[in-house]
Amino acid sequence: MKILILNGPNLNMLGSREPEIYGTSTLSDIVNELTALAAGCNAQVDHFQSNEEGALVTRIQQSRGVHDGIIFNPGAYTHTSIALLDALRACDCPCIEVHLSNIHSREPFRRRSLTAQACLGQICGLGPMGYRLALTALLEMHGSKGTSR
Amino acid sequence: MKILILNGPNLNMLGSREPEIYGTSTLSDIVNELTALAAGCNAQVDHFQSNEEGALVTRIQQSRGVHDGIIFNPGAYTHTSIALLDALRACDCPCIEVHLSNIHSREPFRRRSLTAQACLGQICGLGPMGYRLALTALLEMHGSKGTSR
Amino acid sequence: MKILILNGPNLNMLGSREPEIYGTSTLSDIVNELTALAAGCNAQVDHFQSNEEGALVTRIQQSRGVHDGIIFNPGAYTHTSIALLDALRACDCPCIEVHLSNIHSREPFRRRSLTAQACLGQICGLGPMGYRLALTALLEMHGSKGTSR
Amino acid sequence: MKILILNGPNLNMLGSREPEIYGTSTLSDIVNELTALAAGCNAQVDHFQSNEEGALVTRIQQSRGVHDGIIFNPGAYTHTSIALLDALRACDCPCIEVHLSNIHSREPFRRRSLTAQACLGQICGLGPMGYRLALTALLEMHGSKGTSR
Amino acid sequence: MKILILNGPNLNMLGSREPEIYGTSTLSDIVNELTALAAGCNAQVDHFQSNEEGALVTRIQQSRGVHDGIIFNPGAYTHTSIALLDALRACDCPCIEVHLSNIHSREPFRRRSLTAQACLGQICGLGPMGYRLALTALLEMHGSKGTSR
Amino acid sequence: MKILILNGPNLNMLGSREPEIYGTSTLSDIVNELTALAAGCNAQVDHFQSNEEGALVTRIQQSRGVHDGIIFNPGAYTHTSIALLDALRACDCPCIEVHLSNIHSREPFRRRSLTAQACLGQICGLGPMGYRLALTALLEMHGSKGTSR
Amino acid sequence: MKILILNGPNLNMLGSREPEIYGTSTLSDIVNELTALAAGCNAQVDHFQSNEEGALVTRIQQSRGVHDGIIFNPGAYTHTSIALLDALRACDCPCIEVHLSNIHSREPFRRRSLTAQACLGQICGLGPMGYRLALTALLEMHGSKGTSR
Amino acid sequence: MKILILNGPNLNMLGSREPEIYGTSTLSDIVNELTALAAGCNAQVDHFQSNEEGALVTRIQQSRGVHDGIIFNPGAYTHTSIALLDALRACDCPCIEVHLSNIHSREPFRRRSLTAQACLGQICGLGPMGYRLALTALLEMHGSKGTSR
Amino acid sequence: MKILILNGPNLNMLGSREPEIYGTSTLSDIVNELTALAAGCNAQVDHFQSNEEGALVTRIQQSRGVHDGIIFNPGAYTHTSIALLDALRACDCPCIEVHLSNIHSREPFRRRSLTAQACLGQICGLGPMGYRLALTALLEMHGSKGTSR
Amino acid sequence: MKILILNGPNLNMLGSREPEIYGTSTLSDIVNELTALAAGCNAQVDHFQSNEEGALVTRIQQSRGVHDGIIFNPGAYTHTSIALLDALRACDCPCIEVHLSNIHSREPFRRRSLTAQACLGQICGLGPMGYRLALTALLEMHGSKGTSR
Amino acid sequence: MKILILNGPNLNMLGSREPEIYGTSTLSDIVNELTALAAGCNAQVDHFQSNEEGALVTRIQQSRGVHDGIIFNPGAYTHTSIALLDALRACDCPCIEVHLSNIHSREPFRRRSLTAQACLGQICGLGPMGYRLALTALLEMHGSKGTSR
Amino acid sequence: MKILILNGPNLNMLGSREPEIYGTSTLSDIVNELTALAAGCNAQVDHFQSNEEGALVTRIQQSRGVHDGIIFNPGAYTHTSIALLDALRACDCPCIEVHLSNIHSREPFRRRSLTAQACLGQICGLGPMGYRLALTALLEMHGSKGTSR
């Protein structure tokens, strides 16, 4: 089983960017933790981060036939990108959206998620643990060969 | 450690209510699963379901000094209840909001969560697994005595 | 055949409450009239009134396998209750919404009906006669074993 | 007693127009049924259908001193016609608005009724039976020489 | 003279609930103070608090013929409850709405008061003193047998 | 202790202006009553009325170091004046906003108060008594040297 | 000089239609008065009334090369008809819009005029005198061979 | 008979201010013309122009018992001044609002008139002639001792 | 094969109506060109233009079983006519909407097309050529007996 | 003559992406067809597809002095990209916007086109044929050396 | 060269008014600095501050033929004054709008500038330096006798 | 001292792009002027222009520890980019936003600046001079080692 970890704009700055909102873990910390967790389940993770909306679209397109699940933190594009929504709709594996902070308790423009409309679900506000929970969910769903709902 | 599982209106109908949206597990199935999972970690769960907004407010108030975390699916009150928002703000333990279905891909009035504004975070769209992930998160946060973010 | 007559908040005050809008019949008058009308068709009516949103949700849930139709005047909850909408969606018999006054000629916030979205139809502005017409419709539909549309 | 049955745009297509929404009865079927029902009560119905907003306005104006009640399905003009609202306001007999389908469960622009503001009330979602109930209501109100509310 | 003091959801938590917004007096402190103040004017106060919207509706209905004035802090229901608005409209004694905090300087959704539309007036932002001022006003109005405006 | 009574546009017309809304007391009646009430508590009131937004801004600025409290009825400027909001924010004594009529039961544009955002609180709908209650509140708060909340 | 008097839906009912809003003059009264007034200035008036939006569009089109000015009361179509706006834009003589009642003090949907965007100006709220003033204006403008602004 | 001509902000700049919109007549030209026209009917006009909202409010207040009609061009305050609306509502003679330009064909914020809500009617888009028509209307209405509608 | 060319209000004025927006071709020019083009493909065109919304509704209804495609320029009714939307939904042949001008670069109220919701597609901004392209499309689709998408 | 075919995000997935909406032709199929069609008219097409908003902006900039027309399907950027709108405004050749699906019958956020504001026109809902019609239009317009409107 | 420095409501309080937003310089400090800076360039500054909207309108009118540029901080009137917008439109010298604080990072109602629509440009968020930069810009533009853009 | 000059989409086209709005200077002209101005103050400027939102995000991230100030013209991304807002919030040096044209006098969608929320301030409408003023401001602020407000 192969999972794509996809991170959007400014997530490469984790650890130094507004730590009171986003915490002090770096993106490497998170990816390493996920790699270890996946390895323990005979799964494998690929990671890609980009500040470019288009590069993220392309990476989602390339997951076809390669990945069995996507964990996606679209960052700022969550709230405005129809292009990412369209890419996810054309995708053939389940995607779980993750946000480090609680989008419901921030500025109004962060409360709407366009991209989550094409995801299985969303986990927000639980910091780096959110990624681990998403990975657990994808592994469990794959293991049981059933859908989660 | 003691966790309160709180479920709002119509969740007592799980299993028979719109199964194409909410799945076929009953609320008892979910609570039993959570009880077992908690027991394995020396934790305990209390469960309360009500169709009454006010009864849910009262139950949150009674969690003071009793529970170490709340897992809350406010159902339809998610989108309209300022009373529940106020009760959660006055609460002294972390709360994670859970929704069985993906609120971002349903009717527009289900996309806004008033109650999540006073929660640590929210998990939606992952069916009964969402409750288990929330329990895992609360147990892990408590165990590490650190905050999740 | 068994029909549930369900009345929401403040309808217990009929007769004395703003009679220039709601008329001078009391709720008992209306229920008695419906009981007689049903009896003439070998049908039976149950009546329940509550000022509580949650109690109305519960009563709708309990109609499963018991009633063959619901006549529902949700009163003020018509315009705001997603919980009642969800309860009606999970219901297995047809429901007709009734309003004594014409909701289209009152305050703007009374023009929208959330609950009617999950009903077969709505009758408004015809006073107590609206309940009788709704009962006639349910009886006729049941008698013909066909749908009304 | 003389009742005017008034039908707006596209209602001449009943039976063949989107039958999954509007049913399979034709407009003649409905008018015949109403004629018979009225005859049984020593009343008489006139019928007029037009796709023209202005022709409907004119017909309402001509009801002055001729008809004792109007049953009006304004079709698509329900939601936009101030001209019909004005015509109904200038009318001297009670009007009941009827819709075959449930306007509350369709597109948002069908939920608002401008014309119902000048009617006694509205019946929707009950198919052709809605017309019969409206006729019953007008006959009963006329018979009792009292107002319905 | 008999006055009903009515408090809505979460006001039973006064003293411990967000004291930087709502102050440190408990609800008992406030009720005791009002009881004493009324007694000095040969008046009497009844007190009722509930987290239930419907229970508050019922209590307002029961004030008919019993109370000469109501002091009402509807809490979170202020901004959303049409049911309470309707109950107050059917009420036969004057009601003054009270808020401990200044609703105009908080979240936008707290600025609108549905319930105040059916009250004589509103006092907000003056803490527990607001209740005392409201009581003074009702006593003075009753004493002068005239209306306040 | 010195209190500034400040009245905005058209309040000089009290007594003759729309008496069914604003009552029959003149502004002099109100000011005289307040002067007497203050005198009984060893306090003093200054009064200023103007139809000019800018003159009211200036008067608030001049209260610095002179007055210990302001009772302000901004009249029509309540709903639109950012300049008065800014002047109140720069003010160093507490201000209570007063309205003779109940702003929540009038035209929608009267329901929002910009100026109250910078006040301690607001009293509305209680006629001239509202000014007296506001004065009582300021005197009591000053006497107790504590804040009201 | 030749002026077209154009009246929209329901204006044929003047005199009997909501006289408290529209007055007691009939449309003939108004047209006769205008005919006499024009005759005194060697001018001529044509009159056309229709309840049909399309018929009014056609009549405006036919004014090309025939009339030197239009006085137009579009009635209910004022607020919704883009077709009439387009017809007026294609018109080669000045048009003055007239309303018997004051559109600014009625329902919100009557305050916007689409058609006035393509007119020289608008006179409202002055009853039948509004037509006479419009005629005076067109005659004076024609006489002076200059534009009015 | 005595008429008050009242002009709001920037109307003292007529003739030089944006002549393509407001024309080349100066305010004196207009007032002189109106004085002459009134004199011919044994009437008298007073004129007042101010850039101050409050000064205009005061002048309207002072018309009580002095003037028999007001012709008011509130300029930019038309669209925002609740203070002027209130002053006009407290006024005891009829007021006609005049605008030189057609407010319906300019920026959206110029299309709404708050002040016209308290006027008899409004004339716009006819340049200086609009004032003359308004004066004619007031004179005629006064002469006939009847209302215009 | 038989195609209906349908044109809405004011399109009969093409050539003389706002030529800077709509061009200098007349409607006859366009229809002649389409007739010739169709003839070359053994197809036939019928043409109907009306300023009446209802007449256009009727013509669409009559296309049933007669025409194999419709080219429709609804003019001003594009943006407001639910009646035409309903007529098109009940229609049994494909319709392509055409606009001479680019509706996306004009007034905001011209950007929304209600009628296009029930069409196969829309061509705008290409002048008379738009009709020819639409005809080409319908002929090609018919020829290939396949759908265009 | 040289035409630029420009395709935005996710259009490289044509054929496999949501075929029930976008059809089964691949982008190569479409480009080949256009190349052949152009060749038959002695014209040439260049093709560029990108998922990047900025890359599309750059390609439009580079068309200056090179291409005689652009056929642009901006995909998801249609509805949000001011950058593409600005690039098109700075462009010196005509552009026709093409959409495979009918944007008027999909989600509300797809109905608005920012980019079409700077195009000659738009063709939508006709599948791959839309590109061919756009090419035909550009070729014809170029051939006739006249503008299309 | 002569420049008018114009300051709106509450700017006379600079230094003591909310210093965390507006800084500690007084208005005299700023004007003295500008006077010196102008003197060094053979230019002269006039200064005027008022809390009155109308007085500011008048002062702008009086700049005609006297001043060669205006530096204007309209304070709270920035966001609401159509009268100042109109005065600036009638003005014959360039105006630069200045704000001490960054209007884009404050309350939503401070983000819109009506007055800037009639200015050359705007400088905000740079404190007193903003005035100096505006003066530099006006001097440089005047020196080069060219336009700034 | 080192300043980053950052320019967004389409600014590489300056000089040829809509010169009536953006002027005739090229971007090189502007950068050369700024380089010279900085050199005179012992400062240095780096320049970067991109049409890519993500590339601009990356460049802002790379300014950490390298630059002492940023002058940023985000072009079209000003109004929509949350990603740039987030990048600026994570940035450790002051940024001043510059626009060549006056965003307050153009299309409504250009009036809101998301990015300016995370800047020190904004200069708009002053053409290339805006960049020079921004540089002057950053140099002066750095020189005085104090903040500007």
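A, B, C, D, E, F, G, H, I, J, K and L are the chain letters, set down in written order, and residue numbers restart from 1 in every chain.
Basically, a contact is a pair of C-beta atoms (placed from the backbone, for glycine too) under 8 Å apart; a residue touches a chain by one contact, two chains touch by 3 or more.
Since we're looking at a predicted model, the values are computed, not measured.
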item	value
Reaching subunit L from subunit J through chains that touch each other, fewest steps	1
Contacts common to subunit D and subunit G (chain labels)	I
Superposition rotation for subunit E onto subunit I, Cα-based, multiple of 5°	180
Gap in Å, rounded to a whole number, between the CA centres of subunit C and subunit B	32
Distance from subunit K to subunit E - Cα centre to Cα centre, in angstrom	48
Interchain centroid distance [CA atoms averaged], subunit E/subunit J, Å	64
Centroid spacing, where centroids are CA-atom means, of subunit B and subunit I in whole angstrom	54
Sequence positions of subunit E contacting 2 or more other chains	52-55, 80
All chain pairs that touch each other	A-B, A-J, A-L, B-C, B-E, C-D, C-E, D-G, D-I, E-F, F-H, F-K, G-H, G-I, H-K, I-J, J-L, K-L
Contacting residues of subunit L [partner subunit J, same complex]	8-10, 12-13, 16-18, 50-55, 75-77, 79-80, 109-110
Of all residues in subunit C, those that touch subunit B in their complex	52-55, 57-58, 61, 64, 80-83, 85-87, 89-90
Residues of subunit A defined as touching subunit B within the complex	22-23, 96, 100-102, 104-105, 111-113, 116-130, 133, 136-137, 140-141, 147-149
